[in-house]
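Okay, so subunit A shows up in both of these, paired with subunit B first and subunit C after.
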Partner chain A sequence: QENTDPHRTAFLLRKQWTLYSVTPLYKFYNSNLRDYARLLSAFIAAEKQKGLAVEVGVELDLKVAVSSIPDLKGSDRDEAAILVQLSSRSRASPKNSEEKLVWSGCFCCVFGDHLSENVSDDFTYLPLFLVNGAESYTSIVGMWFQKTFDCCFRRLAINPLNLSWMAAMWTGCKVDKTTSAVELVFSVPCLPYPLDISYAIHPEDAKALWDTVQKTPGEITQEEVDVFMDCLYSHFHRHFKIRLSATKLVKVSTAVASAHSDGIIKFLQSKYLTGVLMLLTELAISQIQ
Partner chain B sequence: MQPRRRSEPPKEQVPQKTQTDLSAWRKGRKSAPEKSIPSHWSPNRQKNDSTQDALEDALSYFEKVQDRVSLKKNSALQKHLATVESIALQRGLPPEAFDVLLKVALSGKLADTVNTQLLKSLVPASVIPETSVVSSVSLLCTGKCSDSTQLLFLRWLITMFDFIDRKEQLHALYGFFFSILQDEKMCPYICHLLYLLTRKESVKPFRIRKLLDLQAKVGLQSHLQALLSLYKLFSPELVTIALPRKMKSYFKNSDGPWKAAIIAVRRRNQENTPVLQPLVLGTTQPQSRKRKWNAQVIIPASSTNRNTLEEDGEKKHVNLYRMNESFPLEHLQTFPQLLRNIHRLEFPSQMGSVLTNPLLLHYMNCIKDESIYLRLYYWMGQTLQEECTWCVADNSQYEEEFKDFLETVYKTECFLQEGFSSCEEFLYKSLPLWDGFCCRPQVLRLVSWIPLSSFSEMKSHLYDPLAQLFFTSSLYFKCSVLQSLRELLQNWLNWHMIHSDSESDTQAHSLNTTLSGLVNMVAELIHFVGWISTVALRLENNPTFLLYFILDFYEIVCDMYLRYNLPLLILPPAGVFYPALLSMDSVSLDQLCYIMYRYRSNLVAAKENELSKKKILQFKFSSQTYQEYNQYIVAMVGCLWTSSAFQKDTHPQGLRMGDELLKKTAVQEFKSSFNIVYHPAMMGYALLFLKQAWPDDTTFNFSLIKGKKWNWYLEYLYAQGLKGLKVFIESSINRVSQASHSKAQNAQE
Partner chain C sequence: HLTTSLPLPSERDHLRPRIDLIVFMIDIKSKYSFKNVEASLAHLDASFFLGKVCFLVTGVGRVNYCSIEMNAIWKLGEVYCSPVLFCELELEGLRIATAQRLLRMLQICAGHIPGVSALSFGTLMRNSADD
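Showing the complex of A and B:
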C-alpha cells in the first residue's frame, strides 16, 4: 500500500462507481493498450451508427484512452489495473477544444493473487470492474471486451451480510477529521409501497461501540460483527420499537466509503482505498468462482 | 434413389474436368450407355445422340456467326438458339460450350434479345471453365455489349460462381471488378461478386478507403454493408461495422432466371455438381428480443478470433504469417473442410459458441488445451448462475430460454462424453433452492453428467437436496430421478473403463488411489439409490412402474465387475429385493431373475480370479457379499422352485414364518403359493398353459403341472419371453441329473 501514489488513484475518489465482476481476460496484453483504444473507439462509433462502417484509427468524436495504473494493486502478484476512459471532443474547434470525460471504467485486482495461482499466462486476472458513466457506454465497452477477450461481466451486488461487515470495519477506521455520520439504510420488505429507514449514528459513538466489541485489534470475526449490529438494533428498538433485524440492510455510509446493496460504491478516503478495493475484489472473486 | 432415377432419362456420362475437347465429351457419352443401360432404352439413347449432334452444329454456327444477324429473318439462328436453350435447360451445357457462347453473347455481334436469351441458357451440366469466364470479363472491358447484357452477365457470374472450376485467375481480376464499383447500376452486383471473391489478401487499406468514400456518397446500402463486414472479418484492425439486427438478406436475389434450371440439372447429375451454399454472414445472429448487454444465455455466433494485432512493426511479420495460415471459422461448414483445415483452425473469439457448432466440438475433442476448458468454464459458470430462473428473482420470464440453454449444455456433454465442472458447481449451488419443477428434465439430465473427479461433498451437495425433493414429489418425478442416477452411474463406469484402459501399468500406484476413491464414490451412489428406492416403494405402495426404474438401475449394478471391470458388487437392499420377488407383475420378476443371474456370474468370476490369483488383488469382495447373495438365492429358489421359502429363508427381513402363523392365514397349499405356477405374477401364464395343454379341462387344476408337464411349462414360459427366468433357472438351479429333477418334483408335490 505504501507504494501507491495517491495522485494516480485520486480519480476513484468521491464518485459513484457501479460494480461488476469480470472473468479473466483471455489474451489481453498490456503491450497492446494503444491498439485496443483504437479498435474500441472504432467499435463504439460503429455501434452508435449501426450499419455504417468505420475506419479504424481515424479521429472520431469520442476519444478512447486505455491505460495501465501500476499503482493500483495490492501485491506484486496482482495485475496492474486498467483504466478505460471515453472523452468527447467537439467537432467545431478540434484543435483547442477541451476534452470532456464522459465515461470511465476501471479493471482492477487488489490482493486477489490467489485467484491467478497455477493458471496459464493466457489469462489476465482483473476480477473487479468499476464503472462511472452512462449505461449505454458501459454496454458497448462491455460488449467489446466480451467479444475480444472472451470474458463475462456480472453486476456485483453486495448482500446484507457483507454490508454489515463493511459497516463494522469502516466504523473502526481512524479518520483524520470526523466529518460525516455513520448512516445505515434499511428497507422494509413485503410492503405495498417502498419504505426505507435511515439510521444515523454519530461516528464517535459508533466507533466507541465497536471498540468495546472488537477483541483483538486488526482482526474481525463474524461474531463481533453480529454483536455490533445487534447492539445497534436493540438501541433502535428501545427508541422506536422497530426490529431492524427483520428488515434488509441496503446501504452503509461512513467517512471511509459508502456502499449500496445494488453494487454501487463511493470511495471517500484515499488512505483506505486499497482496503476497500481488497474487500470488493474478494467479493468479485467469489462471484466468478 | 434408384427407382426414381430409372423413371428419368438415362444418366448421362458427365465430362470430367480433364476432358477438354468436345469430341472426347461426345465419345464419353456414347460409350457409357452401352455399358450400363439396358437395351430397351436404346431409342432414348438415339434421341440423345441426335440432340448432341444438334448442339455441336449450333456451337460451330455460333463460333462463326457474323455481325448483326437478325433473329427474325434468320431461321438458322432461330434453330440453333432453340437447340442451345432446350439442351441447356434439360441437362445443362458441357464445359466447352461456354467459351463459344459467352464470346458471342458479349461481343455485341448479335441483337440484345439474342444475347439475353443465350445468357439465360448458360446452365452448366458440370463445371464452367475458368478460362472462358476470364476471356468474357476481358470482353466486358471492350464495351461492345450493352449495359443490360453486362448486368445480366454479372448476375450469371454470381449465380454460377460455385460452378467455375478454378478461381485463381479470377482472383487476379479482383482489382478490375473493384474498379467497376463506381458504376451505380452495377454496384450491387459487383459488391456481391467481390463478396464471393474476397480473401484475406484482397483487403487493402486503399480499398477500404474507397468503400468508405462510396458509403459516404450512397449511404446505408445492404450490399456495401455486407462487403464491408467481410472486410472487417478479415481485417478488424482496419475497419469495423456493426450490422443491424433485423437484416435478412444482403444481396438481391440474383439467381432468378437460372435457379429452376440449375435445380433441374442438378437433380439429374446429382453427384457431380457442387452444392450451392447459401451465403451466411457469421457476424450477426438473430436475437429474439432485447436483453441486457451482458446477458449470456444467448450463445455467441462462432467467429474467428481476430484478437491478434498486426500493426506493430516487428511483430507484423510473424502475425501476418499466422493470419494467412489460419482458416476463418465463418467458412467452416462441412466435416471434410474440418479435416482438411484442422491444422490451421483457431477457436472462436468467444468459446461459448462451440456449444452450437458440432464441427468445433469435434475439433475440441482433438485439442487438449487447458485454456479452452478454462474459457468455457468461466463463461458457462457465469451464464448458468446469471440466467438460472429459480436462483435469480427476475428471471422467471426467461424460463424457455434457460431450458434451451440447459438442453444445449446437456447435448454438448453427451457429445464430448464428459461433464463440465461449471455445471457440477451450478447444480451444487442451485439444487438446494430448486423446486423440482422448473426445467425438471433438463436439470435431471445435467445431474447424469456430474463428473467423477471430486470425491467428497456429494452427500451434502447432491444427495441430501435430491432426497428431499424425491420423497415429497410425484411418482413420475421419482422415476425421473432414478433414471438420471442410473445414467450417472453408467457415465461414471464408462469413464472408469476408458481411463483404466488408457493408464499404463507404471502408474499403477496413482491408479490405485483413484480406484479406491472411485469405488467409494460409486458405492455411495448405489447405497443412496438403494435407500431412496426402499423408501419410495413403501411410500408409493410398490407400483410396477417404479420397480421397473429401480431394477433398471440394478441391472447396471449387478454387472459392474464383469462389464466395467470395477471391483465392487452391491446387492439390492431387502426393501427392493422382496417387493420385486413378490411382485404382481411378471416383468419385475423376470427382471429380478436376470439381475440375480448376473450377480451370480460376476461373483463366480470374482471367486475364480481370487482362487487362481493371476493378479494381485487389491480389492476382493467380502464374504458378506457372498453371504447376502446366498441368502437371496435361497429365498428365491425356495419361493419359485422348491416351495420352501417360508422355512429356508434366512434373511432377517425375509419370508421366514412359523407354521402356526401360516396356518392362521387359512391359505391351503401355502408352501407352493409362490412357485412358478402359483406366484401371482405367473398364474396368468399357468392358466394359459393349462388351457393349451388340456383344452377340455375347465377346472383349472394347477396341480396337473408336474413331472414332464413341469418341463413343458418351463419351455412354455421361456417361449413367452421370460428370458430372465430362463437364465436364472438354468444357472442357479441344479437340474443336471434326473435325480435332482425328480427331487424338485417331489418338493413340488
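Showing the complex of A and C:
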C-alpha cells in the first residue's frame, strides 16, 4: 500500500491533532521554504512586540522550521506535505538548554485528486491542516499564512454520519494487538444539563459484528454502515432502554484512530495512517467546496 | 392534531374529523426520527399518498449535526411520491414561511382552492426539488 518511510511520518502518531480545512495557497513554492521560515519567525517576533505575547514570564526564543515531507502524500498527483515547527529555547541559558518543540502544523493532501482537477500552477493544493500545540501559536501562524498566500482556514467539523463511517471502517481493520475497546460517545440533546453517554464494545465483538455485515472486503457501503450502527443501537436499547439513534454521536475511538466531532484526531496505527488521512482529506475538500 | 407515531389509537376513530394532510417530521439530527417515520408510513392507507402526504425535514441549518444521509431522505420522497420540504425551526423567518407553505398545501388538500387539486403536488414539487 505505501512506499512511505514510517519514520518520517511517525511524528503524527499518538498525538492529538486539531483539524482545519485550507483553501489553495497562492504562489507558494517549495523552493522558498527557508525564506518562509525566516519571514514567519520575524512575523511572530513582531506580534510579540505588539504585546500579543504567547509566553508570559520566561523569555523564549522561538525558532521556526518549515520543511517538506515528500513521503506524506497519497498519489503522485498530491503535493508533498509541508511541516511547520516552532521550537523554543530558553534565553537564560542558550548553550545548555535543549530546543523544545512547542507547536507543529502540517499541511497535507492524501489522494485529493478531485481538487487538483482544475489545476492552476499558481496554486498549491494542501487542503488538510493538522495542528498540535497552543491555540495562540495556531492563530499567529494561521494569520501569517492567510496574509502571505491568500488562503482561508476553517475548523473541520466531523458530523455524526462521517463518524459512523469511521467507526465501521476502523472496526474492520486488522490490528495486531487489540487491547483498546471500540468506544462511541454520544451527546444527549434537549436536556438542561450536558449529558454524554459512553458505549464501549469489546474490539473482537465489534469486529465480528462488522464481518457479518460487510459483504465485499475492501468495500464499504452506506447501507452496511447503517446496519452496523443499528445493531449496536438495538443492543444498547435492549439493555438500557435508551435510543442512541436519537442522540448525537460525537466521538469514535478504536485501535486504529480516534476522532471527535469538533475536528480532533489521534492516529494510533502507522499501518492505517494513509487511510485515515485520505478520509480526512476528503472531508476537508468537501468543507471547502 | 399532533402525534409521535402511527397508527392513531382506534378508540377515537369515530370522533376524528377528516384528515386532509399528513406532515411527517424528520429531525436531521436524529436517526431515530427517520426510523420512526419509516415505521409509521407502513400504517398509512395508500390513498393518502395521492398528494395528502408531505415530509418536513427540520434542523437543516446545522450541517455538523447531520445524522441522516440526504440520499435516504430523497429516496423516501421518491418512493412515497410525496414532496420533501426543508426547514430550520430555530430561524423565525424560515419557520413562519414554512408554516405558511404548509397552510397553503392544507387549503388545497381540503379542496378550498378551486381549480387546484392535491394530485398536482407530485409534479409541481418534484421540479423545484431538482433545481
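In the analysis below, the second predicted complex is superposed on the first by the 276 of 289 C-alpha atoms of A that agree within 3 Å, B and C clash if a C-alpha of one lies under 4 Å from a C-alpha of the other, contacts with A are read in each partner's own complex, and residues count from 1 in each chain.
The rule we apply is simple: contacts are C-beta pairs under 8 Å (C-beta built on N, C-alpha and C of every residue); 3 or more make two chains touch, one makes a residue touch a chain.
Owing to the predicted nature of the structure, the values given are computational and were not obtained by experimental measurement.
Regarding the shared-chain residue A:Q146, is it in contact with subunit B (first), subunit C (second), both, or neither?
first
Could you tell me if A:P24 is touching subunit B, subunit C, both of them or neither one (first, second, both, neither)?
After superposition on chain A, A:P24 lies in contact with subunit B alone.
Using the superposition on chain A described above, determine whether A:G51 touches subunit B (first), subunit C (second), both, or neither.
first
Where does A:K248 make contact in the superposed view: on subunit B (first), on subunit C (second), on both, or on neither?
A:K248 sits against subunit C, while subunit B stays out of touch.
Is A:K15 in contact with subunit B, with subunit C, with both, or with neither (first, second, both, neither)?
Neither partner.
Which partner, subunit B or subunit C, touches the larger number of subunit A residues?
Of the two chains, more subunit A residues are contacted by B.
Identify the overlap between the subunit B-contacting and the subunit C-contacting residues of subunit A.
Shared contact residues on subunit A (touching subunit B in one complex, subunit C in the other): none at all.
Could you pull out which subunit C residues touch subunit A in their complex?
Within the complex, subunit C touches subunit A at residues 29-33, 35, 63-69, 71.
Which residues of subunit B touch subunit A in the complex?
Those residues of subunit B that touch subunit A are 208-209, 211-212, 215, 220, 224-225, 228-229, 231-232, 236-244, 293-294, 296, 300, 305, 307, 309, 311-312, 349-351, 370-371, 374-375, 378-379, 381-383, 385-386.
For the complex, which residues does subunit A have touching subunit C?
These residues of subunit A touch subunit C: 157-161, 189, 222, 229, 233, 243, 245-249, 261.
In the complex formed with subunit B, which residues of subunit A make contact?
Touching subunit B: residues 20, 23-24, 26-27, 32, 35, 39, 42-43, 45-47, 50-57, 119-120, 122-123, 138-140, 142-143, 146-155, 288-289 of subunit A.
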